[in-house]
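Below: one structure in structure tokens.
Just so it is clear, A, B and C label the chains in written order, and each chain counts residues from 1 on its own.
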């Protein structure tokens, strides 16, 4: 193991990690927004949009991110739509993540009984108020474990971003292997970088899930 | 009654709070409510009874728009509310409802359950509403539970909170949908006592229940529904002692019959 | 111009070549799923053992596999094994190894969940009629959990097919690589072919995974109501 080599190239990994984290974060936030939007569309049974959402969910869940990225990055420019590497990465992550988040929200909303909605309506609430004050607060706490799992999944998915020419962790590792043939060192730093990024998220998710499972309202 | 003179009719109409005219409800597999008409006067307590599945709960749920009707009219305070686009949220503030399964909001404390409506729906001042809520909770004996969450309460306590939650909106009429059906027997009394008290205070109420003794005690009028139609309506004294129709008689008999065999089996 | 790009699909055997490329990834997935089911059941049984060392080891294995992006695992096997142990693995073999490792972890956890959901008296009554531990598993427990595992295994298959698209990044000539070759070959005659080819691949994957997802969903619902 060449420790000098490792020390020399750590900054590259730090830089790449930063890229992975920032794009992952933007992608996750956008996915959450898209997911919530779709969950609302499904809940309110908005005509037309609802069918579009259903098609989107199936497309998104049944195609790999890598293929989505190839289409965005190499295909679309031929139709006159050129999107930057970062743009493709974010759109791709959001396209993929939106459907997963939507499913997480949906199952949370479904877990709130019909009677809750009716009792709120009977008090004179508008439909939107029912969602805001009664359904969402209960649905969210049910959804949180699934949402966390999705975040984890999305951060892992960022590992394919090197195909749209982003200098992410995989890109750096592959580069070092190709240029210097320092495979062991490059791979070790790769694994450690991902552990540093992903371990806290999964530990947090596990903690949250445990808390939610054992503590209901009023404990 | 029907061929009484116009003037009397007019007088009666004035005190009519809620009226259902020829209500038809159909889920697509036959009529659940078939041409049901009912007048509820101010201060009147009407109890709907009938075998399960007869449509009495559905009727109640049609009155505040939780179920859509296929034809007929609902008139509240002399205004037809089922014509054009109904503003159900404001109608529902005048028609309070209490459910069989309480349906308190599990993520909110007792006090927050009670004040959520007045604060968010009616936009009233939170402090003022809180004071009022505490007064009402005290009346049903639950003031010390105001910071508890619903899951920490017994069924009877939950149902009393649910009643307070409906009352605080100052509705003109209260609908009770089998509010004791999910309760353990020893808790039925505490809930029914609250309702009896409300009746004594002059609240207008429409009650669906299986508690015959309670119905007898609380009702000004008993309405017997079977097969989606009103079969008979009368004062409790008359209905329970000398029912006019065969069906009502048979329905009342099943209660007595059940009681006897229940005793024998034990 | 743009409407012409689609003709590249019908030139020569281009479409058949794309399908051939897709088959490579599907074949890797199917082999990995088959192996994962077998090893997953073993791992799941191992995870219910009360021995603390086995428990710790299986836990570490599970967590490591799950926390790492699959592409990192692919790199570890494809580049790492070659370098450290001088074993020269083809991309395809590396992929089968990695996806089996991953699938085994996923299946193992599902199997463990299913196993602990089987009431204890099922084990005891099996033992009571004189069956050995293995016989109890083979004849009593595994048949019961199989029904629950079927939809999960099918679900895993779609995830596997989607994930095997990654093998393009370790040089396996699968559908994306074939696409690149076709696009390259027609660079001058059909300049906008990339749009059509990658669009086609998008839907090829969709039509490979979607029916499987539907079946899994239906089975899951059926199991829930049963």
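Going forward, contacts are C-beta pairs under 8 Å (C-beta built on N, C-alpha and C of every residue); 3 or more make two chains touch, one makes a residue touch a chain.
None of these values were measured; they are calculated from a predicted model.
Chain A has its Cα centroid nearest to the centroid of all protein Cα atoms in the structure.
Looking at which two chains touch through the most C-beta pairs, you get A-C.
Set against the C-alpha centre of chain C, every other chain centre is closer than that of B.
With centres set at the average Cα position, the gap from chain B to chain C is 57 Å.
Spacing of chain A relative to chain C, judged by their CA centroids, is 21 angstrom. Distance between chain A and chain B, defined via averaged C-alpha coordinates, is recorded as 48 Å. The touching residues of chain A, when paired with chain B in their complex, are 113, 115-116, 118-126, 129, 133-134, 137-138, 141, 216-218. Of all residues in chain C, those touching chain A in their complex are 2, 5, 63, 66-72, 75-76, 79-80, 82-84, 158, 162-163, 165-166, 168-169, 176, 179, 183, 191-199, 201-202, 205-206, 209-210, 213. Against chain A, in their complex, chain B makes its touches with residues 64-66, 88-90, 92-93, 95-97, 99, 101, 103-107, 116-117, 120-122, 148-152, 162, 165-166, 169. Those residues of chain A whose C-beta lies close enough to touch chain C in the complex are 58-59, 61-64, 66-68, 70-71, 74-79, 152, 156-160, 162-163, 170, 173-174, 177, 181, 183-184, 187, 190-191, 194-195, 198-199, 202.
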